[in-house]
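Both complexes below contain chain A, partnered by chain B and then by chain C.
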Partner chain A sequence: MTNKRITVKYLARVEGEGALNIQIKDDVVTRVQLKIFEPPRFFEAFLKGRNFTEAPDITSRICGICPVAYQMSAVHAMEAALGVTVPGPIRALRRLLYCGEWIESHGLHIFMLHAPDFLGYQDAIQMAQDHPDTVKMGLRLKKVGNNLVTVLGGREIHPINVRVGGFYKAPNPRDLAPLTESLKWAREAAVKTVRWVGGFTFPEFKQDYEFVALRHGQEYPFNEGRVVSNKGLDIAVQDYEQHFVEEQVPHSHALNSNLKARGPYFVGPLARYNLNFDRLTPLAQEMAREAGLGPVCLNPFQSIIVRAVETLYAVEEALAIIETYEKPDQPAAPVSPRAVTACAATEAPRGLLYHRYRLDADGVILEAKIVPPTSQNQGTIEADLRQFVGQRLDLPDEKLTWQCEQMVRNYDPCISCATHFLKVNLERR
Partner chain B sequence: MHTPVKPRLKVIGVGNEWRGDDAAGLLVVRRLQAAALTGVEIFESLGTTGEVQDAWKDAAGVIVVDAVAASGPPGAIYRFDAHGAGMPVKLSRSPSSHGWGVAEALALGRLFQELPPWLIIYGIEGENFDPGREVSPAVAAAIPELVRRIQREIQEWLGREVFVR
Partner chain C sequence: MAPKRKPKLSVWKFASCDGCQLSLLDCEDELLTIAGAVEIAYFVEASRAMVKGPYDLTLVDGSITTAHDAAVIQRVRRASKYLVALGACANSGGIQALRNFTDVNDFIDAVYAKPQHIKTLKESTPIAAHVKVDFALNGCPINKHQLLAVLSAFLQGRPPMARSHSVCVDCKLQGNVCVMVMGAPCLGPVTHAGCGALCPTYHRGCYGCYGPKETPNPAALSAWFSQRLGMSEANLVRAFRAFYANAPAFRQESEAHDK
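Right after this comes the complex of A and B.
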């Protein structure tokens, strides 16, 4: 009979501060706690009293990796509230901006944060000693994404060109043309990346997850779509709060989000892929198959392959958008405030990001609610660890702890977003 | 036609001006900027790996100025030659665990043999890196001395370069 305590006091290679405590008593996992001790950040509170036009720039500050996602959910919520529909070219530019963010965020997570777990390195610097060309490729790929964000957003981190209704300045097609060369290189690099991560060894692990993501009529989802799941959920974003609830848990500064009917659920690349495989480009589908994935993948460790496939998709989508882009007459659609409540959800690199705002007649924000991807995945991460550790009690502590951290990183958790996470403690008694 | 010659010496100030003493690197290079030194390009950076790598690419000589947390007295000044002995074995990684910083740029530059031929890192010990804080008095007081040392270093480097040519 084993009693153990797995303690990772400070989880590395995740954004923000958190820890993981796992307690095992008489060969039974008695407690799994993902502790998020990144201090609460009160964004929802200090949005109150600000003008509706300020929400995209304020909320973008929640995350340095996915600021575009915050800007996108904010502008879509405001536009839903104020009855604004943006013209085609602005819509296309928003997708292009999102492509840039997915490429830089996925590039960072695949190469710098997650791949070292699979290859047995402490970090990417150590990995670079044996795989210099791959790490160089990863850094360059990430940079292609950052450049896209810079060209459209005015700067690499916390872009400043997004506003409710569109952009402050729309680029000329000739501003975008120079990106084509680097994106063509990135397409090859993304194909190589899918092959590289497809060759990793994955722990055997599958769960009966409820995947939740946006689904759109024609496109792989960025900004629009219905909220759907593989267990029958199919709702308009406006009905989100009828089906999902956020709860406080004592061990975490992040709220824990659950489906009212069925409990924990799964958002992010794996959920998007499983619900939207048919919306990927032919090349992305082909590469996924070559890497050993079917249209549905239930092993969260293989999310690293899915991130590579999504990177490839984002590169191809960016190329397609640039090819057909025409500058809009006006960089933004006109907006005028009114007293109303509205919401929107978009697909951040880490999954569904929901915003709701209540405005007064002058457009002052009276109430704001933000549900980031990591707090939605928190329950599923804990459930995964409970199952995973239970199946591997015979492993030595060091290896088990390593695999637990690897498991947490399957979700690319962004703790700064969610407190708005990582130490692992494994305790066997 | 002449292609403009890139400044061969660059001083890169790294920091976040909204995080207390982390602003020190920026404040130092702003003073150097004001001194309008010829043949020297001043660059301000948030210190992400990619940005630092881009900034020092193609330069013959580079000085990086950044706040450090080395458990010394606030305002203490450190100097490391990236190609010499005496570099700390483990440079502290960037405060944001999701972002890569100067330490990673140095480690990768060494590994890939892409460091500028002459690279000096100046550190200034900070005590408070909290959001929205002012630079603490001990750090502010040490900034003029650090500026003087860097100016002297620049003059020596430029002198050597001229002599070599």
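Right after this comes the complex of A and C.
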């Protein structure tokens, strides 16, 4: 009978500060807590009293890794509120900007945060001693994404060019043309990445998850779509709060989001992939199959393959957008404020990101609600760990602890977003 | 001759978005070179390996908002020979210092149903309010090229260069048409350079995310905003009360209009 206690002080390679407490008593996992002790920053409170035009710049500061996602959900929510539809070229530029963020964020996670777990390294720099060319390729791939964000947004972190209604300045086609060469290189690199991560060894682990993601009529989802799941959910974004509820748990500074009807659910690359496989490009589908994935993948450890497939998709989509891009007449659609409440959701690299705002007649924010991906995954991460640890009690402590960290990193948790550090305490007694 | 020991680098995070420390990982072309020049001893976002201090160079991202962090920064300082504070949060308190203008309990109540589980201080404060900071690199986020310059200066044993002029100077060097002439309020005249005058280059007014420059005159700028551009008192407060809300020059100016 196992009655032990293992403590790993900090779980690394995640964005933010958290801890993990796991207790095992008489071979039974008695407690799993993903503790998020990232100091709260109160964005929803200080958004009150700000102008609706400030929301994209302010909310981007929630997260340095996915600022574009915050900007996108904010501008879409404001535009839904103010009855603004942006013209085609602006819509295309937003997808292009999101492609850049997915490429940089997935590149960071695949090569620097997650792959070292599969190959047994402490970090990517140590990994680079044995795999220099692969790490260099990963860094260059990440840079292609960052360059895309920089050209469109002015800088890679907290871009300055996004506004409600569109952009401050729309690029000329000739500004984007130089990106084509690097994106063509990135397409080859993404194909190699899918093959590389597809060759990793994955722990056997599958659960009956409820996956939740956006689904759009024609496209793999970035900015628009209905909120759907593999268990029958199919709703407009406006109805999100009728179906999902955020709850506060004592051990976390992140609010925990659940489906009212069925509890914890799963957002992010794996959810998007499972609900939108048919919307991927033929090459992305082909590469996923070559790496051993079907149209549905239930093993969260294989999310690293899905991230590589999504990176390939984003590169191809960026190439397609640049090829057909025509500069809009105006960089932004006109907007004028009114008293209204509206919401929007977009697909951050880590999953569904929901924003809702209530405005007064002058466009001053009266109320804001933001549901980031990590608070939606928190319940599923805890449920995964409970199952996972229960099946592996015979593993030596160090290996089990490392695999628990790896399990958490499957979700690429962004604890800065969720309110940051993961400290793992594995207790057997 | 024995090889010189590589300096030990540590990176710490307090309340922030992670963006400033991420800037180090965003140095895609230089990261492996940096890793060759320093021992990355403690950088939790990037590595499981956590080497104990003392550290030769410490980078700090984030502001102090909890009693726990207030204690940690003291230990970090004791373990660090040279400490650089990165960004708006570490150098002024960041956007989360908006709490300093109100009662934080109202903020907690607005976000959390069970406020008793939330541990936070009344104010968000810069690192220099707690310990000695050897160099302040400003920006929200910092400019990664400036971070590289700070690292190079450290490795060469010279003090980093700190330019004190305003965004306006960089903007002129870029050859931009002044956005204020086109009617857009711009904080460029009072804001510290470092971004390369990005916002005006993208046809919008600077929103002050590198903080106040040395000896700024925000009152003169406010008068211009109000008289020439018709800006309301409420919008003047918002203009100065954002990412560097708690920096003294901007703080005084927003308070002057917050009646």
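Methods note: the second predicted complex is superposed on the first by the 426 of 429 C-alpha atoms of A that agree within 3 Å, B and C clash if a C-alpha of one lies under 4 Å from a C-alpha of the other, contacts with A are read in each partner's own complex, and residues count from 1 in each chain.
FYI, a contact is a pair of C-beta atoms (placed from the backbone, for glycine too) under 8 Å apart; a residue touches a chain by one contact, two chains touch by 3 or more.
These numbers were taken from a predicted model, which means no experiment stands behind them.
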item	value
Clash or fit, chain B versus chain C on superposed chain A	clash
First (chain B), second (chain C), both or neither touched by A:A308	neither
Touching partner for A:K136 - first (chain B), second (chain C), both, neither	both
Larger contact residue set on chain A - chain B or chain C	C
Chain B versus chain C as contact partner of A:Y168, first or second or both or neither	second
Chain A positions touched by chain B in one structure and by chain C in the second	12-17, 64-65, 108, 112-113, 125, 128, 132, 135-136, 139, 142-143, 146, 156-157, 416
Contacting residues of chain A [partner chain C, same complex]	9-10, 12-17, 37-46, 48, 50-51, 54, 57-58, 61-65, 67, 108, 112-113, 116, 122-126, 128, 132, 135-136, 139-140, 142-143, 146, 154-158, 160-161, 163, 168-169, 247-248, 250, 253, 255, 331, 405, 416, 420-421
Residue ranges of chain A in contact with chain B within the complex	12-17, 64-65, 108, 112-113, 125, 128-129, 132, 135-136, 139, 142-143, 146, 156-157, 414, 416
Of chain C, residues touching chain A in the complex	13-20, 22-23, 25-26, 28-29, 31-32, 35, 40, 44-50, 65-66, 68-69, 94-96, 98-99, 104, 106-108, 110-114, 117-118, 120, 140-141, 195, 198-199, 201-204, 207, 209, 235, 238, 242-243
Residue ranges of chain B touching chain A (in the complex, touch as defined)	46, 48-51, 96-100, 104, 107-108, 111-112
